[in-house]
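Two complexes follow with subunit A in common, the first pairing it with subunit B and the second with subunit C.
Right after this comes the complex of A and B.
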């Protein structure tokens, strides 16, 4: 069936949620009123990064007036996890990170819960803690999970029991050792990247209600209500139909609200006070210690090329500091493994990507999922190697970047992309060839470029489902299970449905909030996969509905379905020029021409999408036919200057160009590019800091500085390339995470261009930069 | 451990007369804390999970929110004048511009609607943004007690981090600034980790003005925060500058001397060494700019 061309695909229609959000009508979990039965809860958290729990005495807390329940992990040994089932809901035998929940308190007010928490007495036996992933990966390191060998794990993750290594992904491709011997130039380095926080403006908030019937309802700020339901249902042995997750709008996710963090605690606490909704709302400080962070990474990179600059060999070791629990993080190390080279064509690769337990906050999904981590080192070492062979960094990347149909590092044939076009556009946008003067005295200016790739990192077969339902007046409800987390997912869903059905965009409403009781299934709102995967499902659902409509009309008019189309909400026949408005007919159907009976009925379209073509990889070589569904690629170029008096950086211009396959809504791509550039800058300048006892010392916006409106670059240039893929709606793929993946190394490369100093460790603080400038005697200038 | 979710319990009282303040100070002793905008106090109470049993709001006392200015008498600000009121006042902008510049760097606009000058002074943070400006404009604090008023130079008021020379029966009523020196040019140089709303890693407030009595023909006043237990002036540096014919070398030496006087400790925002070097660099930058505009 042909697609109607209403021109909505590629058009920057207004976001569906814009009025709700600017007027304050938008409802978040904490806005929902639960009435007088609502109880409040707080968690008792470990003061140690690693300790055995000897005894928990809750009697004093239970005796406090207003306390309704105190819950510990004593009778609750279930573990949760998506890939590796390693995480208890409340620690019961040992704590593995400062701030880990060991008990929870339910009370009639938050203040009483705060006091009750202080009355829970926990006796610990302190164990040696380990924070550095390289140290923790050593055979003699103290074990953080002695029972690793007994945990359930999916068949594509490979923990090493008896060590702290929760995943070991290997690439053995060609013969790296021999190839290095032939290289004309080799560059080597160790790069470090500390953990950062997602810092959503809305902190994690949940309300859970368990009823006498066994029905459990959980309201949660969540990117993945279905995955949350699945994990909690499995962990607590609740039938899926008895656990309902309602997910209103999300005030910032960035991966931090994927999977389960504190929500299972809320459910367990609610089970102790049947009939009462229980609210668990984290503070900003708890957001840092009690949810998840981007994992730390130490990467050892060695890369070589021939005299013409053609990449020949790479040897890589990635040590991801996965934190106390790696239930989600193991798949980050895996994704970093099968994409370990970055977007380059390298014939010989030896790589080991490890996820390692550490006594630090739980590492998990964060925008980029392993890619910002590995690109930090990769994109600097490529500049280094280019310099070694005397080649311009842009030219070096043009020569070596991956192209359509290349056999990439995992053995898969590269899906359609045009990275060269992205590189050229980004370089042009900052006038790469032109050496520019600083904007003032005591400053140095430089330009840098960095490229990236990223595939959606998922199990092989994550599914999406969608339903479209007409109302009597031919307005449409679109039902999806993917979440709006600021990226515009609902807008794109409405746009796709309207285009396929030939109805005005304004007539489409996305049914919200997401509710596992009513919404169709969606795996998770992660991996930049919604426009692509959910988009395919919505398109299929709309096509199903369109087919139903046209069949009814064709039947009623006795015409051929191929002669009909829908335009502006009216079915028209090219042949007879008859017209039938959708109004009413999409519910009541159509009378036969002689009014002898009716045809049709309420139109409900259904669609789904699930990739069926991803294969497993050989555990020893990392090679396979198709590691992933596809890749999105892009280039970022930065023009910046550094203040020689203070070491402060100022980005003057950042150009971001990505190959999106097909731009469904160009404005939404631009807002991703703008937000990504700013997010990328924050990730370059700030990080979580810890004291020697493993305690986060900057868990607030006073001391964890993210870029504000005043810090954004003077100019953000955004652009895209459209090389369609086979399996996306109109060829589209995701671009939500990619836009911040290589910002930090692009800044580092520009800084090197400005002052000739390489910084291998993040963050790039003014303090650190200034001291390096002084060492190089660059600050004495008047 | 981590900050509590909300504020601990306290009793809130709003004073209507000085006598009421004195009575309550006497009755409640250390369990009572005077409160202005609360923008520092509430954060501390939440962080520390404890606080005084009573907060006595004194913003509403007579004169506390008044601004009086005369070219010959100078400027008097009620202690509860907000930072945004200071920033928006045209005479303050004209005659005491460094006060306005400093006010504009504190937190964000919404916070500055509540944050008061008196609160900033009594909070006695080493990094107080208003402090360098207060020091270089020779602010005198007017302290009210049952025995009457007394005046104290602001520098003598700060005793240590969070510690002030306020007696048990006193409150800060107003801040007086003498008329600024004729022809003065001033600037607040603040270094933060981000452009807006950060606490100062280093802040230097500087005033330069013609003075025919000195060999330099100029005199400078320099106030510095964040790099010692209290904000401070550097009189030795100011005198050195006044006594020398100015040159790049003299300015550099003065900046070096300021750095040597500074005594920062390493904190979460920066290393001590970086802070010292920034005292030098900001001082030098300021001296050069102000000298340039007075030449």
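Right after this comes the complex of A and C.
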């Protein structure tokens, strides 16, 4: 680890938000006080996964005392979407998933709103529903979006009208068919993942207010206030300057609070009761049923290598179960497509990555964005193939993993990384070479490794802007549009600004809450892109301010800028040894040496960053010069044991190592690594469950279990390496999502090592493991 | 619905409240008194985000009716630090980065405070038992365990 001259880059400074958060002062949307005009709302949700809406009768609900408005989609046929505009605000002609909003009620209390929901009568004509993405991708499958061909779509997504396929991304590289014929060993498999939920502890909450003037304000628990504003403004035909989105702290996002979930419903409900703020707060059950999920995936993978273990060919088909609307999910299939091989150097690849409509909850961004899904199968099949050629899984990965400057699957030259170092560190941390005894009787112990890559998945040119503004006493406001969702983004922004400006970190405040009326633009807080992209913008803004300060001082002292610097809040000259504190000077400027007149003025620095070098990919081959900005890579190694009496797994040790480019705040990286390891482990046991009618049957913390404090690994060994990239601040890139991408397959590989059984389908539930152990006569009974 | 006049002693302060029969302590604190540090995560007693102390014992405030607590002493996250001085547990959460999004943090701190008062020198297993009803999706819990151990070494909850 290296620290910059002013000492802040590479230093684990305290989080900017931590005092608010440990004292109960941190404000989330639900904590904002709106006074007596506040009204409450609830949504009427579809009981069917696929049906035509024949009639909605709201008269009984409207007649209930205390009800102020009932809204349906009848007069509101606008659709929303980030990449593919396919999603109504309230379903008006048909519902496509259980729990889809068909109406909303506004009332003077939440209790009355709950009662009113029961009084809205909706007549449906039930249609056959389809849940499996492979079935849904067939040409004769019933259509979920018959109008797919008429939807607006960005120019890098390719829906297939007349089918349920909303995106089809292809890789045609080399000649996979011929290459397989030459392979010494081939492994094949089909792997499945169910949809899972983000499960933030704060449920989605929003409050909307429409003034009689047409001004709309939306307070939302949002990772992406600007994208939210853009989508809702377009969908409801509101000028951007008349729609203000205020986004206070977010109580857990993980991708679930990117884009628009139900916030447009809140705006439409508020439009019906002008002048009143309307709160829409999802219950925990609604959070499970009515928000987006990680998409399901069925992957067919075939991979071959030569006798020395060198990968030669891959053939892949990914069927993402995109759910009822694929406005965001199409880009997950695309990202899975251009990164389809995982972090391997494979010369011949044929791949098809499909996003497919299904009558299941809306699939969307979740931590990893397609990568946990594809790595689940990839990282198991690599172990399988290594075994076929009699090679150690660590060695197999070392020889095949992607390296800097390799031509990767999309034709792009790999950006700087050191995956081998990550593999070595992870393997060493769990003593890979050492066969260890179980910790107790009736247990079997095993070790597994899995590696990963992930690029920020986004449009080619998402931008970040930042402003730094001095106060009279030379304390600094940093203004950004990227969100603090727990990852420490505000802290990193403050660190970067303080470092560049040579002022104490404690003197920097990040202006909150985010507010599209005042905050500089940020595309979205997704894709692990803030340290990199927003970091670049903050750095540029601080450099701009620094330049203004030094120009003023140089001018006043008649010196060269090159002879000046700022240290501990004081401008100093190496040449004359003069000193000028920033205090007051950053607002009032400086008097000329002869006290005749002044120089300078209030210092406001401005910076932005936008990648300009990402290119299009050929729609038939998926090849191009630069598919993405860069990749982050990493390795996880797991030491676990399985209880032969119960089928339960216990992770004894997980080593988790990533190449972060440059560690701006090492301890924040460690907190991501640790939290991600547990999130990744938890995800291996999680699944949304449905009955045969498409109804979610586990929408509570009791039935949908997430890891508790009692479930965590006995040891989490976090580490990182630093191979700087050329387009990040001091070489830094993101790591927030990567840390859970390959945990599930690392566990599966360790489980295989322990008991010799491969599990191709998630979740790795204890009952499933127990049944498999019983089949192999491995179970132990009292 | 009938309203009831009750008095709660919240963070040492007597508070007179008029509460409907079905109002939970969670809503009385948040909506009645504006003490929004106590968080609403599930309203089913399953996540622990709303944990407060009632007469020193940790309670899911979403599961108890305000009307039942007439005259009782309630401590919320707002009552932990005084005059800007954090408790050792709050300080340890801050120092060890046991906080990410912060939504579970108040509940974690209240459950941890109750544990340290009951058992000033807990083992890792004691902590896991005491906080198993407090869910966190961000931190992976290790820092929370570390912070409680650290606070235990630094004088517990005082």
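One rule holds for everything that comes next: the second predicted complex is superposed on the first by the 775 of 782 C-alpha atoms of A that agree within 3 Å, B and C clash if a C-alpha of one lies under 4 Å from a C-alpha of the other, contacts with A are read in each partner's own complex, and residues count from 1 in each chain.
Here, contacts are C-beta pairs under 8 Å (C-beta built on N, C-alpha and C of every residue); 3 or more make two chains touch, one makes a residue touch a chain.
Computed from a predicted structure; not experimentally measured.
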* subunit A residues touched - subunit C or subunit B, whichever exceeds -> C
* **Which of subunit B and subunit C A:19 touches, first, second, both or neither** => second
* Asked: Of the partners subunit B and subunit C, which touch A:283 in the superposed model: first, second, both, neither?
  -> both
* To do: State whether A:747 touches subunit B only (first), subunit C only (second), both chains, or neither.
  => neither
* Asked: So, A:671: does it touch subunit B (first), subunit C (second), both, or neither?
  -> second
* Asked: Of the two partner chains, subunit B (first) and subunit C (second), which one does A:646 touch, if any: first, second, both, or neither?
  -> first
* Touching partner for A:697 - first (subunit B), second (subunit C), both, neither -> first
* **First (subunit B), second (subunit C), both or neither touched by A:33** => second
* To do: State whether A:114 touches subunit B only (first), subunit C only (second), both chains, or neither.
  => first
* Asked: First (subunit B), second (subunit C), both or neither: which does A:708 touch?
  -> both
* Shared contact residues on subunit A - subunit B and subunit C -> 283, 700, 702, 706-710
* To do: Could you pull out which subunit C residues touch subunit A in their complex?
  => 30, 34-44, 46-47, 49, 76-78, 80-81, 86, 90, 93-95, 97, 99-106, 109, 127-129, 131-145
* Structure fact -> So, in the complex, the side of subunit A touching subunit B is made of residues 42, 45, 47, 99, 110-111, 114, 281, 283, 285-286, 289, 645-648, 685-686, 689, 697-700, 702-703, 705-711, 765-767, 770-771, 774, 782
* subunit A residues within the subunit C interface of the complex -> 14-15, 17-28, 30-31, 33, 198-203, 249-254, 283-284, 485-488, 667-668, 671, 674-679, 700-702, 706-710, 712, 716
* Asked: What does subunit B use to touch subunit A in their complex?
  -> 1-6, 9, 49, 191, 193-199, 201, 248, 268-271, 273-274, 277-278, 281-282, 285
